[in-house]
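One structure, as structure tokens, below. Some questions next.
Chains here go by letter, A, B, C and D, matching the order in which they are written, and residues are numbered from 1 within each.
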Amino acid sequence: MVYGVLLFLMAVGLSVTMGLMGFVNLAHGAFAMLGGYIAATLMAKAGWPFLGTLPLVFLVVGLVGVLFERTLYRRLYGAGELDQVLFTIGLVFMAVAAATLVWGPLQQAVRLPPFLLERIKFGIDLPAYRLFLLVVGGVLTVVVVLGLERTRFGAQVRAAVDNPRMATGLGINVEVVFAVTFAIGSGLAGLGGALSVQILGLDPTFALKHLVYFLLVVSVGGLGSIPSTLGAAVLLGLCDVAGKYYVPQVGAFILYTVMVGILIWRPQGFKPAKRAR
Amino acid sequence: MRVTMLSNRLKRWTLRFGAAAVALAGTAGLAMAQEPIKIGLLLPYSGPFADLAVQMDGGVQVYMKQFGDTIGGRKVEILKRDTTGIAPDTAKRLAQELIVRDKVDLLAGVVFTPNALAIAPLTVEAKKPFVIMNAATSIVTTKSPYIVRVSFTLPQVVSPLGTWAAKNGFKKVYSLVSDYGPGHDSEIFFKKSFTAAGGEIVGEVRVPPKNPEFTPYIQRIKDAKPDAVFVFLPAGEQTVSFYKGVTERGLVKDGIKILASGDLTEDGQIEATGDIALGTITSGHYSYAHKSPENEAFVKAFEAAFPKGPRPNFFAVGAYDGMGAIYGAIKAQNGQTDPDKMVEFMKNYKVMSPRGPLEIDPETRDAVNTIYIRKVEKHGGKLLNIEFDSVAKVKDPGK
Amino acid sequence: MSDVILATEGLSLSFGALAVTQDVNYGLPKGARYALIGPNGAGKTTLINLLTGVFAPAAGRILLSGEDITKLAPHERVKRGIARTFQINTLFGQLTPLQAVTLAICERRGHGARWLASLRTHKDAVEEAYALLELLNLASSAERTTVELAYGRQRLLEIALALAMKPKVLLLDEPAAGVPVGESGELFDVISNLPGDIAILFIEHDMNLVFKFAKRITVMVSGRIIVEGSPREIAADPQVREVYLGRGHHHG
Amino acid sequence: MFAFAKPALATPADRLIAAARWRWYETAFWLGTLLVLFAFPGYLQLASQIAIVGLFALSLDLLMGYAGIISLGHAAFFGFGAYVAGIIAKYGWGEPLSGMVIAGLSAGLLGLIVSPIITRLHGIALLMVTMGLCVLLFEAANRAVWLTGGDDGLQGVEIWPIFGTFTFDLLGRTAYLYALIVLFLMFLVARRIVHSPFGLSLQAMRDNPRRAPAIGTDMGERVRIVYTISAAMAGVAGALIAQTTQFVALEVLSFQRSAEIMIILILGGTGRLFGGLIGAAVFMIARDQLATSYPQYWYLGIGALLVAVVMFARGGVMGGFDRLVRWWRARAGAGR
């Protein structure tokens, strides 16, 4: 369950950029990694409290996202999937190399405030940090769903993706809408990265090695639907954890078997099927 | 611009021609004195394991800084080749090119067993000594009479730990290892020595090699209520993730001790795991905190070469001792590089290494190490593996 | 109606609560030049999609020369002689017209899966394709990639592809859509000069073209056929007048 | 094969029929690969690995470049072929040619079995399922230590001399010629396929999957065929790597392999047959030259290169080359 929420936290940003905007953004992990490094550096060098770094991480990574969106990404909105894959993989490679140059190849230490390391008794005892993640995950879901699916802005994003020309005709500034959406997506990536380093660790290959998990969640969830993404993340998390606890012999098989099975059964993921036209 | 290019090319041409002429005309001895000794060093310089190459390359550099870059009047030239990771086809090709094109005198390095195994047959065919500086699976040295290993094997490291644990009050131990070759080896050999000394393995679990989440396993271990858990995980992110799970599940607070091979608290990255590692008991052949003049000199030289870190670890020492064996073998024949004589020398090599006494078993050409039992303690703000017990002259029990 | 080649019986389809095709009974005889008209959203394209097998009907049957083809896959219906064009150009962008038509001819002959036979062994198919392009005035564009062609030429290529199937039935979904007014007449000339034994059904919005080229007209509204008849009968029909003239009232 | 005087080709039909003819630059390319033997005798190992990776890329090109089926798990077939070839040799049958054929057929069979799943999927789901299947195969091989040697790799692979005479020498001459000849034969097959009606139908499917059935194309059948052929070709490439290395490691099935071959192909240019070969050469030579001296910068460089290719040279090296040729011709035409 908690592992699922963690997966969700990392994948929700991708669900925004890839799902809503339809851009195959494999560089998502790079933004998440940047978030992790910013948090780790602020805590280690500037002595910031962990919680204090989170809003800043969201802002900075969001800004960096806009920068990339304005200069590079936007030229590829009309391009094919292959070009997008190649381009973002290129970004990932560069990010990995850059992180190695700046922060070195080793694991970064992230020290949590003591109150998050406590364990809280709720029938079964839960580590406080996991509870914290649960809360953050819940809040994020509500905020993102309300913000992107129920508001005017959300409608504008959808209109801009479906038919940019018509959206422009309706007085929507498509460029701004895309830039803001991308900023939110990458900001969320950064936030997810910062929150996950405590459990996953942080080194320059972070961007590459967790990519598979983000994609797993987003593809099983179905593109562009935040609640489905959450559902998929929790389901995959549960399968993984239950599998490891009860049948550790089969280990890595479980996650992938579940994914392959679900996608063969429902290629569009959990998202409610669109009406055929 | 063009003129300098031309003259450069001329220079290169005359150099090459000149070298060939010398080789043809001069006596072998004369040519030898002028030709450098070429050592092909195969390490994963790029890719996800680049940090290991940093350690090992550092070990080589430090040795050459301490003991000079000439042997018997001949310059030592290191030809670095990037294996990119576990890639036997690339490793074999690079070795082949080093032998055929670059005409190296010997091969060295190699982090991963599959790479070593792919290269092994070449060394027989080409008669090139092959000094293994890491690749820690038992079988490696059996694959070619030209292979000499100066590092260690996992069975060698974990077997003494099993015996030690059984004799020091641990009755029930749960085993958790990474699900690949070295993990399987550790599981088997720890169990063997531990049960032989009267202990009982109450549960075993193998975790996927790229597993990011340990809590379910740790919960499972907790529920089995053992005295201790035995762990083998490859040094790096897995060890950090493991300790994060331990913190969250409160394994240490519940009084379950952690026993492990030295990889878990490997010196280069131990700081990233944090204080939760305190009290972990490991067995290993090298500790950064080993007290000896040799190690002090080694650490000092290494830290001078890499002021920003990392701390040298057993990878660096493996490479350092490999260079020691190579230097010794060539010195013993006054700068000559007869392959069989080199292997013959290395077979009987004995040295006081930064890790402690190291010798090569002439039967198996494998390292014989003193294995130390260590405990993670904090001294001067640093997490260190402090040695408190040892077993001398441990041979690889895997053969 | 013994010479009816394509017929439907009680054909129905719904998307959710929306009935897009309701109890359609229709017959297309050999050599027909029929038109299908109706306001937007009347279900005209859906009917073609049902006939060609893109959608499976919820109820009813489709008969080709008396044989029930309701359950057949699209490509199997093509093999039996039903070809179509699309309302919006849906061509093969990176192929040249010659390559595309050659492929269509090979498919017709059942040679499309021969993966070790180069085109040299399918010389006659290439030549037939070229002849067809010449027939449709496309010879000069035969070697350019489809994406580079002007819109009107792409519409012609649509028809060429359909003709390459040597169809018994040809279903044209707004063949002149997007073509400049001056060129659309020319397009329909090409259509009406097609071999006389092909049964043609076309959807068209330009009433001038419809009344000029169709021998018989069918009007659909909300998934139903409301009336069928000769151009003169349709022009005089009060229901049709209401649908077309009174459209503003209905859609308000 | 040297058609210096071009026969006059009257109509576009004649030209299309003749499109499958050999061009002078193709002949030149393949003669050039032979020159490597004499020009760079010290680099034959690298050259033979480029040939093998090129073949692997070619197999992916049929799938991705021509049929438009994206696969992020093509290493499954490469690795399967490698293990089949390796295991046959380990258990006493070291004859390379038959070993390669068996490996290719086995991989093809695996492709045939998987293909019905592939026909149902596209886009991101296809990407993830192909990757997932490859991971599952990797895990299976990791577990089956008794058969594959697990993480230590498959040892004891002994390959007999080709035709009983040509041993795999240290210089790598035999290995290079062997890999080159197999690559050439497979290239001929791929070329045939591309210029066949079947090849046209693949491209039609790639360009417009909705339209293809309307001209009578049975897409399911075409996907099954091309997937099987591509898998078999990848299997042959895998067999070659196993036989020339005389060793098989788990890494042949890894995700990195799949991702890398995709990058190599896109770098070279998809849908062009030569793209994979050029991509393999550029990528591997660059890595060989740069990775050791500048490991960090090498990754930065390859990343920047990928970004630059997408930004400025869509269609990879071959795409850029095409544009250059077109520009040159346009200029020459204007000058006349």
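A few comments on the model shown:
The rule we apply is simple: contacts are C-beta pairs under 8 Å (C-beta built on N, C-alpha and C of every residue); 3 or more make two chains touch, one makes a residue touch a chain.
Just so you know, these numbers come straight off a predicted model, no measurement behind them.
Shared contact partners of subunit B and subunit D, listed by label, are A. Here the chain-to-chain distance from subunit B to subunit C, counted in touching steps, is 2.
Of all chain pairs in this entry, the one linked by the most C-beta contacts is C-D. Compare each chain's C-alpha centroid with the centroid of every protein C-alpha atom shown, and the nearest one belongs to D. Centroid distances built from C-alpha atoms place C farthest away from subunit B. Inter-chain centre distance (subunit C to subunit D, centres taken as mean C-alpha positions): 41 Å. With centres defined as mean CA coordinates, subunit C is found 46 Å away from subunit A. Centroids of subunit A and subunit B (each the mean of its C-alpha atoms) stand 37 Å apart.
Each chain gets one centre point, the mean of its Cα atoms, and the points for subunit A and subunit D are 33 Å apart. With touch defined as above, residues shared between interfaces to two or more other chains in subunit A number as follows: 100, 251-252. Shared interface positions of subunit B, i.e. residues touching 2 or more other chains, are given as 50, 179, 208. For subunit D, residues that reach two or more other chains under the stated contact definition are 139, 296, 298-299.
Residue ranges of subunit D in contact with subunit B, taken from their complex: 42-43, 45-46, 49, 139, 142, 145, 150-153, 155, 170-172, 241, 244-251, 256, 287, 291-293, 295-296, 298-299. Of all residues in subunit B, those touching subunit A in their complex are 48, 50-51, 54, 179, 205-208, 210-213, 215-217, 219-220, 236-237, 240-241, 244, 247-250, 268-269, 271-274, 308-310. Looking at the complex, you find that subunit A touches subunit D at residues 18, 24, 72, 75-76, 79, 81-83, 85-87, 89-98, 100-101, 212, 215-216, 218-220, 223, 251-253, 256-257, 259-260, 263-264, 267-269. Looking at the complex, you find that subunit B touches subunit D at residues 45-47, 50, 53, 80-82, 84-90, 92-93, 96-97, 99-101, 113-114, 117-118, 121-122, 125-126, 137, 139, 143, 179-182, 184, 208-209.
The touching residues of subunit C, counted against subunit D in their complex, run 52-53, 73-76, 78-79, 83-84, 86, 90-96, 98-100, 102-104, 106-108, 111-120, 122-123, 125-127, 129-130, 139, 142-143, 161-162, 164-165.
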